[in-house]
Every structure is written in structure tokens, then in C-alpha cells.
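The structures come next, written out as C-alpha cells.
Shared chain: chain A. Partners: chain B in the first complex, chain C in the second.
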Partner chain A sequence: MMHAKERLKNNVFEYAIALITLVVVLLIPFYTGLYQVNVFTYYLICAILGISIYFIWGIAGIFSFGQAAFMGIGGYAYAILSKHFDDPSKCLLYAAVAIAIACAVAAILGYFMFYGGINDVFVGLITMCVTISCQTFMSQTAGSQWQILGVALGGDNGLNDIPGLTIGYYRFNELSLFFLLVILVAAFYIVIKIVEHRKFGYAMLSVRENRTRSELLGYDTAKLQVIVFTIGGGIAALAGVLYCCWGYYITPASMSLKASTIPVVLAAAGGKRSLISVILFTVLYYILSNYLTSAGADTLLMLGALLIVVILVLPQGIFATIIQKLQGLIQKAEA
Partner chain B sequence: MSLFGILYQFSDSFTFLILAALGLAIIFGMMGIINLAQGEFIMVGAYATTIIINQGFPYPVGILGGALAAALLGFVMDRLIISHLYQRVLDSVVATWGISLVLSEGMLQLFGPSMQSVSMPLGSVSIDGSKYSVYKLLLTLLAIGVVILIYLLFTKTEFGRKARATMQSRDISESLGVNTKAVYSETFVIGSALAGLTGALYAPTMTITPTMGNNFMVQSFVTVMCGGANPILGSVLSGGVLGLVNSTLSVTISAFFGKIGLLIITIIIIRVLPTGFTGLIEKTGARRRR
Partner chain C sequence: MKNHMLELRHVSKSFGGIKAVEDLSISVDQGDIHCLIGPNGAGKTTAFRMITGQYSLTSGKVLFEGKEISGKKAHHIVQSGISMKMQIPGVFEALTIRENLRIAAGNYVRSREMEERIDELIELVHIKDLGNRYVKNLSHGQQQWLEIAMALATNPRLLLLDEPAAGMGPEETAFTGELVKELNKSGLTILFIDHDMDFVKQIAQKVTVMHYGKLFAQGSVEEITHHDGVKQIYLGSV
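Right after this comes the complex of A and B.
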């Protein structure tokens, strides 16, 4: 296929970076301790949240602060189910149900927004309000009257002692959970890269670029946006489930204003139109912030300042601009 | 609960919604920019007021100082950042979020996690056996006064005419000699000053922390969303409707349900009226003219 070959050539640099990153990440357990591996697993969970933002914002242009809410809903649902039934062999089922619940919430919210003609900034505001409300609700559930399926919600303390991930009779340990996350992130990367060049992907792009024109060309833009928003909610919920499996706890703070805005901001700063940039920047931010926080610096302050500079100087995002420039150099050298 | 008590609850909700939203609504209505740092401008106003009053100055001076401090901050932010992003609405949203992060974290570094707040002045009155804060009653009058002032500013002055022209058609205003960039700058400063005023007015009623702006976020956003592009009529109408819902639910169930009720009613309102109350006003206005 000539088309595919052309595409490979145009993106050879990005794919090379993706491959190098994959190799470097896979090697991590061989040169650091188990503790570091476990911390890195968390960064990869954050990367999955970043992927959900890339999917809805980068491809389809839906600006949402609600991904943390869906992550929280997925996480809480998984935690409640697995604590209530207390049967580790059915972990995957609980995860599936939790993700389905989050998808349903996203679909309902999406229906009201997109069929109501709400777009752009307003989607951001509504989803932000929803996220804050979820957190406020969960924070005030400290009393014993707040139970779902007999599991006390625990207010600000959230849910603890969530059973770890088990598939069949295999219980994941720190190392295997790390590799599972690496595989998941890589799989998402590949699948999204494929979908982007299918009909569905092109339809999403057209909705992002111009809704009126897409509608005139016969696309049902509102329906498409609801579908995209629902899938994005599902990906975020998967991150929530994995977060529970990783730390064995979940708290309302996972749906705080900070939690809902940071992934969006990281995507914007790294380059919201480039999946590899979103993943890389998210992971690198957490590595750096972990390092700087232990050195006593205020990372949020720096993130804010960095963000302003990036928006003013490199509106495409740091990594996306670098990749674009280098790809341009390669093509020039070839020509 | 007495009739006055219900009225008091309503006016309290209404005042809070209007004051929280007005600055945001003006910036959004004129420039199309959603200022995510609105809450932090409110916070800066509250800090300035608290510091000034703690120095021994009277309350009115402190409140004026709070508004001026936020206006000054708004001017600096506009010159440094926002003025480069006038035509890039989504980028400006992300940038204002960056500003809000820098402001709240910077405040945390400067003044620590909280500040000694000033006491609420003016005491209370007792009507039908229940006590009501005079200051909060005064706030309602002040809010109405501010709305009227802003209305006069936008309808009776030279600046207001230019601003409304810019809002309707930027290109045509520019070709008629209006310096639209200056209009945008002035609008941003006015919006910031209003945010600072809100913070100043509510400073005696709240705990002063770097994150106190978050208390205003949800309320101001839903009010602006329901209000639509007309910053004054839209905000007043949506403040009225949302205030009614909020106060009713807060009184009958709990403050938490008041907050959730705001969100649900907002989602329903924009499902029915995508352009908010502004659209409703324009529609009925057009019908009457016909």
C-alpha cells in the first residue's frame, strides 16, 4: 500500500521515538529497584489518563476537564464491587462493570451537552463543575449512612484495602503490573494510531476542524461527539481501575480540581495533537515533579509558569514542536 | 421559617452568584475568553482587603484596595499574557489556568496556608426572633448597585459604546476607528476589578486561604453558562433563577444539595436554551419588535 508507506515515511521520527521509549521503559526493572518500578507504574497510569485526553481533545476537539471524574467513578465502582463480592478471581468482570458504569455516565452527560449544542469552552466548564461536584459528594460521605452495596464510602479517607488485580488464579505483583501497564500503553498507542487513519478517525478530525462543515457533509456530529466522549470516559475509567489495583486505595482527591486539570494541562504543554508527546510529557513531568518535590521545590508553581510560556511561545506544545522540527530536518536531508 | 428568612436566604444566594459571576461574565461576553483565574483574582482581592484592614484602615478603604489590587494584577496579566491571546480562545483558557496555578501557589509561598481573617462588621438584626447579619443584607444592596453601575457604564459612556460595538463586530468597529485592543484590555481590567471587589466584600465572611477562589468557581461558571453572552441581563436573570433553586434546596435539604441542584438545573437550562438566558431575551425581544 503506497498510502501506508508514505505515512510511515512522514512519521518515521515519531515512530522511532515511540520505539526507543518502549525499549527504555521495558528496561527500567533491570536497572532500578522494585520501589522505583512501582512508582513508575503510577506514571504509566497517568499516561493512560493522558491518552484519554488525547483521544477526545487532540483528535476530536472536545475540551474536557471531566476525565478525572470518570477515573474516579471507574475507580470507586471497581473498589466497591471488589470489596462487596470479595472474589478476586472475578476481577476482570468488576473492572468491565466499573468501566461500563463510567461509560454510561459519560454517555448521559455527553448526550445533554452535545445534543444541547454545547461546545468548546463550555464543555470544559460543565465537566469541571461535574468533577468538583463528584469530589464534594464523595468528601461528605464520612457517615455510616453512606454505603453502596454495604461498602462504606468513607468520606475524605476514601476506600482502603482494595484487593489487587487477579486474572483467573494469577495475582499480579508489582513487577507484572508494571509490564501490564507498559503493554496497555503501547497497545493504546498502536490502536489509536490505526483508528486515526480509519473512517472513524477521519470523521473525528473533521468534527474537530469544523463542526458545521462536517454536518453539511452528512456527519451526525453530536452523535459522533457523544461516542468519542463515551470511549474517552471508558479509557479514563480504566485508569481509575488500574489506580485502585496499583495503590489498593482511592480517595475523593482523585476527582479534585487539581486532579482534573493537570492531565489536560500536561497534554497542552506537551502537544495535544501528538499522542507520543502527550504520553512522554506526562511521564516526564511526573518523574521531574517527584524529583523536585523531594528536593523541596514547588512543582505546581513551575508547571503554571511553564504552561504560560509554552502557550505564548510554542502553542503546539514542547514535544510536538521538537518532533515536527526534527522530522522536517530528516525530510530535508533526504530531498 | 418566616417569609423574611426565606427572602434572606434567596438574596444571599442571589448576591453570591451575581458577585461571583459578574467579572467572569463581562470578560466572557466581551472577549469570549473564559478566565479560569477568576477565582484567584477574587482571592487576591480578599488578601489585599484583609491586609489593609488588619493594618487598621476602615473597611471601605480595604474593600476599595482589594478591588484596585485585582485591577492592577489584571492589567499586568493582560499586558504580559492575555493580550497575546485575544484571538485564541482555547489557548487563553489554558493560559489563564496557568495564571491561576501561579497565583495560588505564589500566595501559598508568600503568606502561608492561611491568613487571620477580619471579623464581620455591622453586627446583626433580629427579625421575628431570628438573627440576620446586617453585612450580608448590605451586600445584596451593594451587588444591585454594582450591577446598575456596570449597566450605566456599558450603555451611557463612550467606553460602553465602543465596547458594545466591539462585541457585535470586531472588524467593523476596527475599521470605524475603534481601538479594539484597548477595549479588550480595559474590559479585562474591569472584569478583574470586579473579581477583586467580590473577594474584598466576601473577605470578612470566609477563611482566607490561597485556594479560597475555588469556593466561587462552580457558582460563577454555572451563572455565566446559564446567562449566556449578555453580561448584565443574562447574569441577573440566571442569578435569580439559580439563586432560587440554590436557596430552596439549601434550606429544605442541605447546602450540598443546593450545590448539586445548581449543576443539574444548569445542565437542563442549557439543554433547553443553548445560548442561555441571553438567547431567551433576544428571542422575545425580536418577537416584540415584529
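Right after this comes the complex of A and C.
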């Protein structure tokens, strides 16, 4: 009980921001058109990818560029299954199988990396190579010989006409898909916040902070890293499935160097060790990017410049620093 | 006759062509406070790292309570009942004291008993009023005590302390000595490394001297402090 009170006291500002954000986002359909709602759904899918990066990097210290690859694997697997079986009532089953496939790939890759003693920046390099390899491979699958379960992979054009999300006999439209995404992001926030303060959460923290010490406290660090990497791959794969359900297509570009780098940069700039900062910064970046791109600005260049400033001035991330300062002020005022 | 809790049998460790530890045989009896001394580079910390599985052995065997533990991974060795406080405090500086202890006790205490266990541990090492403070804001001595508490959180039967009083003032050193004796009285066997001979005399029952990776001398504190060879290679210089 004391633990819960202490946690609430230390995070009251973050929880307040999370709640206000949830209310504001839920109200979006009431003050914008359906087009904007649909675009915002995409931002929330990007937020789920950001959550997967927070989970592996922010909590457990695994620096990876592989989340885009797992998103792509999840997306492609879902697309192939749903196109092959063509039974919309089994959407959830296809999604579950697609996520399981991505988890298996993450587990195998994670096993060889972490039990092989590979860590830190080398994990980043290997996962970047894996992501680029996935994109390069999928890009050259334009010929008719490249089929899985009779579904042509389509090379650079990818897979189109993927059936939308259906649960039972209910087919999701733009509005209900938006609300589903809001619920999913909120659920991830709550579950991860709970897990962070359970034994598994502290074990992940331990691995992030000092692997030698963790081993000397009896933690099997390699096993923990494989588990975290696999779950992170699963969350990214869910983002891939939802991306297919949202846009009805997937292309190798979803596994490009740019696709794998931007979410990592957004997590770093927002504050990789603060879940709310990663979610908010990701969504705000895409809102701003959409607005500025239509005004002719190069948002990627701006993001790059911003990251340099963040690394030099606010290494904990912009939003994380602001939240931490304001939380500190609240605690000072209380004292 | 006491049982051997820990035995190192003809243990060696080489790094390339350098023999850090060579044909070392030591036994630590159950219930003892046993000290490992020797000049810098004698191989003391390397021996600790071999016991805890951080380093593989080039040759030889390590036995804990009669069972061979050499070749096992560090986390298995810790789970079997050996815990270690490192030379440079291996505490998690970015976290609070209570968070450090939650991590340390995570594998050994049920969730509902966790906070009670943390209270016990921070009271034991005299950092009770600092529980919610970030570890980076603690003094060096407090960090050393926290790490001892973290090592204790794993419920060890053998505690390895690598320079538990290093960098401490006289009062902190005296408290650390009393703490180690108290832990020993409660049934814990302790093997420690230290350079401070006053501290060694305060708590140790047996002393092993290492020199150039080899066993140089072994005996009671009295025997070692009067050993001519030990005086020549080590005690004369401290």
C-alpha cells in the first residue's frame, strides 16, 4: 500500500497529463471531420510502435532498430493470411497468428543476440541490418514466383486490398477503428505502468541499469532480454496488423531505414524513459509533420536538428524533462 | 570439526599469457569470517569473480557446500546461496534505495512481503530514513551499505565482500565491522577482501594471503601479522 501511495505521489503530474490527453483525444471526433479522425488513427498506430520501443529501450535498455521489421512481419503475415483465407470473421485469429510469427522471429533473433553476449549499440546495428534485409528482400518479390499461400508478395508495390478489421460480424469503420486505437493505447499505458512496478518491471530495470549486478542478484539477464525483446516484437507486430486494417495495404517501405529510425528518434527526443512522453511526442510529431509538410517544410530535417539539440541540452528528452521539472515543483510546493 | 562451505581446488585463471590466479586452493569453513589479503594485482578480485561465475576457470574446481559450482552461470550460483558486494558499489544510481532493494529481493520474497523485507534490510544497514532518496545522492559509505543490503536480499549462506570498508571514514568503517560481525553471528559465512589491516584485525577469524596469483600464507590473524614473509611482501607496505 505504501508502495502504491509513493508511486502515485511521485507520478501525479504524469497521470494527470495522461488523463487530460485521453479526454482530449476522445473528443477529437466531435470537433473534426472523419478524414482527420482517420489520419489521427494512423498517429495512434505510430504511438503503439513507439510504445514497443519504450518497452524494450526505455524500460529494459535494449536499443533496437528492429521494431519496424517486426511491424512489417506482423503486417505482411496478417495481410497474407486474411487474403488467403478470405474469411473476415476470423480476423482476430489471423492477427493473433501474425503477431505470434513476429514474436517467434524476435525470440529467435533475440536468443542468438543475447545468449551470444551481444548488447548495447551492437544490438542496434544487428537489428538495423535485419530491418534493411527485410525491406530489400520484400522489394525484390515483384515476380509471380514470389507467393506465400498463393498470395503474390508484390515487390515494391506490396500487398493491397487487405480486408478491414472485423470482429465477429462487426466490421470496423473509420470512427470505431479510431476508438479501438484510443482504447488500445490507453490499455497499453495502464498495463505497462502496472508491470513497471511489479517484479518483472523491476527485473527489466535491473537489466537496463547494470547487467553484471543483475546477474549477481540472481537474474538470468539473457533470458529476460529475450523475453522483453519478444514482447516488444509482438507489440510492434500489432501495430503492423492495425496498419493493414487502417490503410488496407502494406509495402516494404514500412520496413525501411527511415521507418525504423524515426520511431527511435521520436522516443529519444520525447524522453525514452517516460511512456507518456514517448506517446505524446510521437503523436505531436506526426500532427506537426502533417501540418508543416502541407506548408512546404521538411519535417525530417527539423526532427534531426531537434534531436541534436535534445542530445546536447536535454538528454532525458524534451517532454520527460518538462514533466520531471513540473512534478518536482508540485512536490516542493507540497513540502 | 567445521564443514568446508567453500572450496577452491587448484584453481587457475589466465588472460592470454597472463596468469592472474595460479593453482590456488582455499577452503572457507561454515560460520567463519575469512579474509583474503594481498598486494594489488595479487588476484583476489579475480578469485571472487571465479567463485561467482563472472569469470570461467582456466583449470581447477570450485565447490560450494560440497557441490561443484564451477562452470555454472553467475545467476545460478547466486540462487544457490552465494552473494557478493562488488569492489566499486554496483548499486543502481538512477533509482531510489527502495527500488534498488525491490530489484534485489525480487527473486527471493513474495510480493506481499516485499515492503516489510525492505524495511528490515534498510534498518539493518542504518539507512532507514533515506528509503526514498535517489542512490546517486547517497554518500559512498551509504552506497556500500546499500549494496551489502542488496546482497543480503538474495538470502545468501555465503557472503562475499570485496573491500566493504573502502573509502570510508573511521566511524563508518567501525560500523561496517560491527555489521559484518552481526551478520556472522546470525549464521552467515563471510569471505571478504580488504587492505585495511585494522579492519581485518577487527573482524577476521582466518586470513589467506595471495601474492602474484598464488596462495602465499594462511592462518589466524595473529599468525599472519607475525609472518615474516607476509610482512615483507605486504604488511610492511600498508
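A few points about this structure:
The rule is simple: the second predicted complex is superposed on the first by the 335 of 335 C-alpha atoms of A that agree within 3 Å, B and C clash if a C-alpha of one lies under 4 Å from a C-alpha of the other, contacts with A are read in each partner's own complex, and residues count from 1 in each chain.
Just so we're on the same page, a residue touches a chain if its C-beta (ideal position, glycine included) is under 8 Å from a C-beta of that chain, and two chains touch if they have at least 3 such contacts.
Since this is a predicted model, take the numbers as computed values, not measurements.
Once the two complexes are laid over each other on the shared chain, residue contacts for A:Tyr42 go to neither chain B nor chain C. Taking chain B and chain C in turn and counting the residues of chain A each one touches, the greater count comes from B.
Looking at the shared chain after the overlay, A:Phe179 reaches neither chain B nor chain C. Of the two partner chains placed around the shared chain by superposition, chain B is the only one that A:Pro315 touches, whereas chain C remains out of contact.
Shared-chain residue A:Ser206: touches chain C; no touch with chain B. In the superposition on chain A, contact of A:Tyr248 is made with neither chain B nor chain C.
In the superposition on chain A, A:Asp220 contacts chain C only, with no contact to chain B.
Look at A:Leu125: by the touch rule set out above, it reaches chain B but stays clear of chain C.
Shared contact residues on chain A (touching chain B in one structure, chain C in the other): none found. Residues of chain C touching chain A in their complex: 52-54, 73-75, 78-79, 83-84, 86, 90-95, 98-99, 102-104, 106-108, 111, 114-115, 132, 150-151, 153-154.
Interface residues of chain A facing chain B in the complex, by the touch rule stated above, are 63, 109, 112-113, 115-118, 120-122, 124-126, 128-130, 132-133, 136-137, 140, 257, 261, 264-265, 268, 298, 300-301, 303-308, 311-312, 315. By the touch rule above, chain A contacts chain C in their complex via residues 2-3, 6, 198-199, 202-203, 205-206, 209-210, 212-221. Taken together, the chain B residues at the contact with chain A in this complex read 34, 81, 84-85, 88-91, 93-95, 97-102, 105-106, 108-109, 214, 217-218, 221-222, 224-225, 256, 259-260, 263, 266-268, 270-272, 274.
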